[in-house]
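Following are the structures in question.
After this come two complexes, each holding subunit A, first together with subunit B and then together with subunit C.
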Partner chain A sequence: MSEGETLSAVGFEAWRTRRAVACAALGRHYDEGDARLAELRFDPSPAADRLWELLLSEEDRLAEARRRGAKIVGAMKDLGTVPVMAYALPGVVAFYPDGAWWTPCLMKHTDGLFARADELGVDDSFCPVRAMLGAFAQGDRFPIPDLLTCSVGAVCDDFSSIAQRVEGLGHPILWWEMPYRRMPEPGEPAVVLPGGVRAPRAQVELVAAELGRVRDALSALTGGALTNARLAEGIRVANRIRAVLRSLREIVFAAPRAPLPALELLVAEMLIIHFCSDRDETEAVLEDLLAEVRRRVARSAGYGRSDDVRLFWVNPVADLRAMREVEACGARLCGTDFLFTHAFDPIPEDAPPLEALACSALADPMVGPASQRADRVVDEMRRLGAEALVVVRIPGASHCAHEGARLIDAVRRRLGVPCLEVEVPSLSDSFSAAMRTRLEALVEAARAARGASSAVGSLS
Partner chain B sequence: MSSSIFAGVDAGSRAIKIALFHAGRDVVLETDACDQGVDQAARAEALLARVLARHGLKRDDLDGAVATGYGRHAVGVARQAVTEITCHAVGVRFLHPAATALIDIGGQDSKFVQLAEDGRVLDFAMNDRCAAGTGRFLEVIAQRLEVPLDQLGACAAQADRPAAISSMCVVFAESEVVGLLAAGERVANIVAGVQQSIASRVAALAGAARAKEIIFTGGVAGVSGMREALERSLGRPVAVAADPRMTGAIGAAILSAGRDRACPQTRRMPY
Partner chain C sequence: MIDSRPLIAVTGPLVPCDLIRAHGFAPVAPTLRACASGAVGAAGVCAVAQSWADAVSADGAVFSAAVLTTRCDQIRRTAETLRDRLRVPLFVMNIPATRGTPAAERLLADERRRLDAFLSRVPPGPSVSTAAALEQSCASEPDGHRVGVFGCCLTDADRTVLSMLDEVGLRVVFDATEHPQGTRPFIGQRPNEAFFAWLDRRGRKARLAGWVLLRQPWCDLIHAEVFRLKRGETGLPWLVLETGARPTLAALRTRAEAFAELLEQAGGGGDV
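Up next, the complex of A and B:
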């Protein structure tokens, strides 16, 4: 039976010849020295061009926002909460300074961010988000935000210390506390959070109060009240965008062949947590991608083959080039948990806005027990028919130290599929062959398990 | 002439190993190895030609070949590449049918592979990015201590109190060894400590896996004292494979012949 149209990602030069006008930022970054871009391969659709353009033009967009007098909010250690609030006010642009962690992996000659962080005492024993410290110190990557917010508490210890160094450079931060999500005690008032986990009502109230401080700061920043009505509208728009991304993911994961490469899916998913400093364009980009994916599925077009191994991928990679190995190894993504699955779930619209946002923030897999994240991963793997699991460790990230082992243990025990835990460094050149070997071996093991009589788990 | 002869080429980080497998007789005809050198492809070609010549065969007489090891994609003598994880599993299955797990320590990586009842790879774990727990680690330290690799086991047997080597990085571990020497520690104790350090790291890869019969493969399996160190770390018996350095090449040759159900996607690749 015919597989249908087979798609191929294109190399940088081919892309540049055909599509440079559609994504000017990509070519410009390359010309300015971000030579590692040339080592990526790109989905050749106009929708993907628009995605890359949005990602790579953020610095220009922020500079333009500063020029026109918009208020810029840097939402640090924030996987989809404060940006929802910030965009509820007119004239505010929010972005994710932590996103600087990808900058070094795209650069070859102009990478000075890690070196600057080194000079400031934050060396490679820390998570690659330390690139953000270098960016603040150099001051030429993005405009210094008018307001910096950062969650603290049950988040990465290393990130908190990096953010403290940012504050030490003279950039005041509004810290808001995120408690470790615990199970409610018997009889304790509890709330069911988006995604289904439960938390004590007292914790929701605490986070709502913390977000109240953020709301006050945003109101003071703009001189306009961030009312419940405005917040509710911001939540409604965020939910609309989340719905588009949920549809995109479901279609990509369910398609017989991957209609979108792993790399573009990762970038698209990342948009949901911060809207890449342009909420409207984020929505348009995701809608374009969704339409493209629907068209591809309708005409049976896809990457690879229909018997490619179905991988479930946990955590983002510090070096984007690593995602290209998925298709190269005869695999495709059938599910992801890039640390922010809660940001795909709808924010409750039937609760007071701050409480609804608190519920969403508390559903963050990073702030609760690893066992709850493992439960969600196992459930998703079972639902999506995953044949293997990849857990990526982020070098130096405190939350990755032991969580991977917990996830893998749960998946091995309950699903019996082969698992791989691998640390992907920011500059993975020396590790690329080893990474390829590990992924190929995982794919071989998953293929061997097909039809094996002694399979210890079930995918159904 | 179809002779039902298949080749496995293991282009590892330190050496190239080749095995010839006779599918009709179900036997390994021959194995051989050479240093990796700079031009892996040319060396593999030359080694294969020599091995075939000893049996009066030419390249055209081969029914197929599979390459494995880190240089598997660079070796032109094979048209198909399979990872060393799968190849070692198949090789171990052929040589030791009752095996339930294998430990492979090569030049630049180490791995623990759990095998299913049918011999396929059930799951695996590999060392992280650094060289600790690999043959390279052992080489660097042996060189620093001026103890030939083949005498490490005899040297370690003289230890009365193995030194504690705590560094995770081979460079730092070498510095640690220098410090131990400066402090007057006996070479035997340092060698025993280094072997135990490697064994501990590899045993950690096994995690909670409770394999009954563990087979030790790879070049380091041939270094005396390592098997015992692994047994101490794992608390279980470990057997060295019948031909530990060649296990991957043997597995590749068997896969080329399509004789192993553990890797069903492998197809015969006729020349």
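Up next, the complex of A and C:
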């Protein structure tokens, strides 16, 4: 098939000029302090406009929700479970306070969140999610939630510590136990979780009981019972949205040329964790993006060239700008694991709702051994024909110190493709040249390996 | 008292040492040699976790099995790589991070049962004579300023720091570092108010003049709480020393001496 239109992302000023009406929203965010926008490049589609507006207007939405008297739930750490429950109740808005980790990037550290965290003794040896502590201390980024929940146990130490400090600021937290997912012992009753890993039934029952406490808290918050019927409906809607995102990812990864840039794909995937405080708009945005990429694939339009190196990308970047480097280096994303692949898998609809949600939560790749995460990465890389692996180290994140080497070792042993581990700070400007050099070297290595390795899947 | 039983290496709070003894083993905390080259590991890897793994997997290690808890991300993830290196059975005990909930109680009970089954399968190794653990307080009345020490498990590097503290007149009379035995609160529990209350109580009981924290680089759980410790939530002054695998004793000594002077000026209790 001949290559059709080659798409180009546009810079902020060009976009602002050409798309004055649609871009008014983005212009507003820039004028209000999101200076990083000026250094990003944007997919020039109305669907992408809508995506960025959804992301950047979240604080406004939360403020409006507070004004109209909605109950606001801050679901910390769990990536895609409590928000599903919260949205099953009318008059509730759930969001992800951890998302403040991108505020210093977007505002180029003018927000003061890191400085505030420093004053509270949480310095840059911690993950950038320390911005969340600064946000709670300053109190001017989002309304203080009516209910804060936080999963704890098999979670990274940074987040556990920072959340505890948030509580110490006077914000009570409903802590719920997330045990370290272990292999079932011989003869022990086990459950196959979404995504295929197994866990002891006892652990599923424990997490279900804990989510029962969360349910009771949500019911008490709103005065409305979070019944099994409501939960089941919430699960059904969440699954509907997850299905759209799965379709989007599959089309983007399998297309001969990337129909969506890496940056927009990262943002789109992030929506699934908590629906960006607007479940309905999240579904609409993802459907728009899906329709757009389908149109592009149908007319053979895409970014870059069909021989761009296919990268599998592990972990989100603290600086959104870093994702620009993917296309700039002659590569494209063909697979991702941004720490929450379990949030793409359908939540079981043939089990009692709390048990189903427990299965989904326990399937979190960060809750179990790194070897199981590596297994999924390897399987996906093989399936999608990935030619190289990028593992991003999040500065200060406790899990990254151990996981990266394990993931890379598994991929090298089993797939024999070149791998790169790179740490991306929350402002990567001074590092961007070095990062590009390293990515370019990875791309060159992957190109050199083409035709020499039979372990990589077909590109077509 | 000298004991002589096959050894099981343990680390982490809430380990049911009584159960281990009931199976005929002696639970011991292995000597952690952080100064060994293997403990100066990758950036972000805690020296305690690394040296614990080295201790139990070393040639000549005499343990029949190893038991560690899911007390922190560092230990959990170290356990994943340790399994490949260890020649003896490994048990990873899932301890609750929450406290006082039915789920926490159930998890502890389930894990105790699982550990019981594990221990029944462990072939006993050679019996080794060990001195029974001393009470974590000093019976005598020392000179100098009575201080407590807190931190994770003590490594050999930490013990050089403790010797230095003694030299400058800071007498460690209460050791609140991590000890496998017991059900006391630990800093990683959520919420951890009970831990601060426990430190306060034990500090008063031991008539401490102050506390010394031996902090490992990359230990987020403790590092994040330094602000609260120094702010006086335990009612006593704190000296925070970053140790790691290669502590800079000269610099730490200067700070320890300054702390001793501060206690002197404050009329620090405990002087004989």
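The working rule: the second predicted complex is superposed on the first by the 445 of 460 C-alpha atoms of A that agree within 3 Å, B and C clash if a C-alpha of one lies under 4 Å from a C-alpha of the other, contacts with A are read in each partner's own complex, and residues count from 1 in each chain.
Here is the rule we use: a contact is a pair of C-beta atoms (placed from the backbone, for glycine too) under 8 Å apart; a residue touches a chain by one contact, two chains touch by 3 or more.
In this text the structure is predicted, and so the values were computed from the model without any measurement.
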{"item": "Subunit B versus subunit C as contact partner of A:Trp176, first or second or both or neither", "value": "second"}
{"item": "Which of subunit B and subunit C A:Ala243 touches, first, second, both or neither", "value": "neither"}
{"item": "Contacts of A:Ala433 with subunit B and subunit C, given as first, second, both or neither", "value": "first"}
{"item": "First (subunit B), second (subunit C), both or neither touched by A:Ala229", "value": "neither"}
{"item": "Subunit B versus subunit C as contact partner of A:Gln164, first or second or both or neither", "value": "second"}
{"item": "Touching partner for A:Ala63 - first (subunit B), second (subunit C), both, neither", "value": "neither"}
{"item": "Of subunit B and subunit C, the chain that contacts the larger number of subunit A residues", "value": "C"}
{"item": "Touching partner for A:Val192 - first (subunit B), second (subunit C), both, neither", "value": "neither"}
{"item": "First, second, both or neither for A:Leu206, with subunit B first and subunit C second", "value": "second"}
{"item": "Residues of subunit A that lie at the interface with subunit B and also at the interface with subunit C", "value": "405"}
{"item": "Subunit B partner contacts - residues on subunit A that touch it in the complex", "value": "405, 409, 412, 418-421, 423, 425, 430-431, 433-434, 437-438, 440-441, 444-445, 447-454, 456"}
{"item": "For the subunit C and subunit A complex, residues of the former touching the latter", "value": "42-45, 70, 72-74, 76-78, 80-81, 92, 94, 96-98, 101-104, 106-107, 110, 114, 117, 188, 190-192, 217-221, 223-228, 230"}
{"item": "Subunit B to subunit A touching residues, read off their complex", "value": "70, 82-86, 109, 116-118, 120-126, 128-129, 207-208, 262-265"}
{"item": "Subunit A residues touching subunit C - in the complex, by the definition given at the top", "value": "120-122, 125-126, 150, 152-158, 160-165, 167-168, 173, 175-177, 179-180, 182, 185, 202, 206, 209-210, 213, 369-371, 396-403, 405-406"}
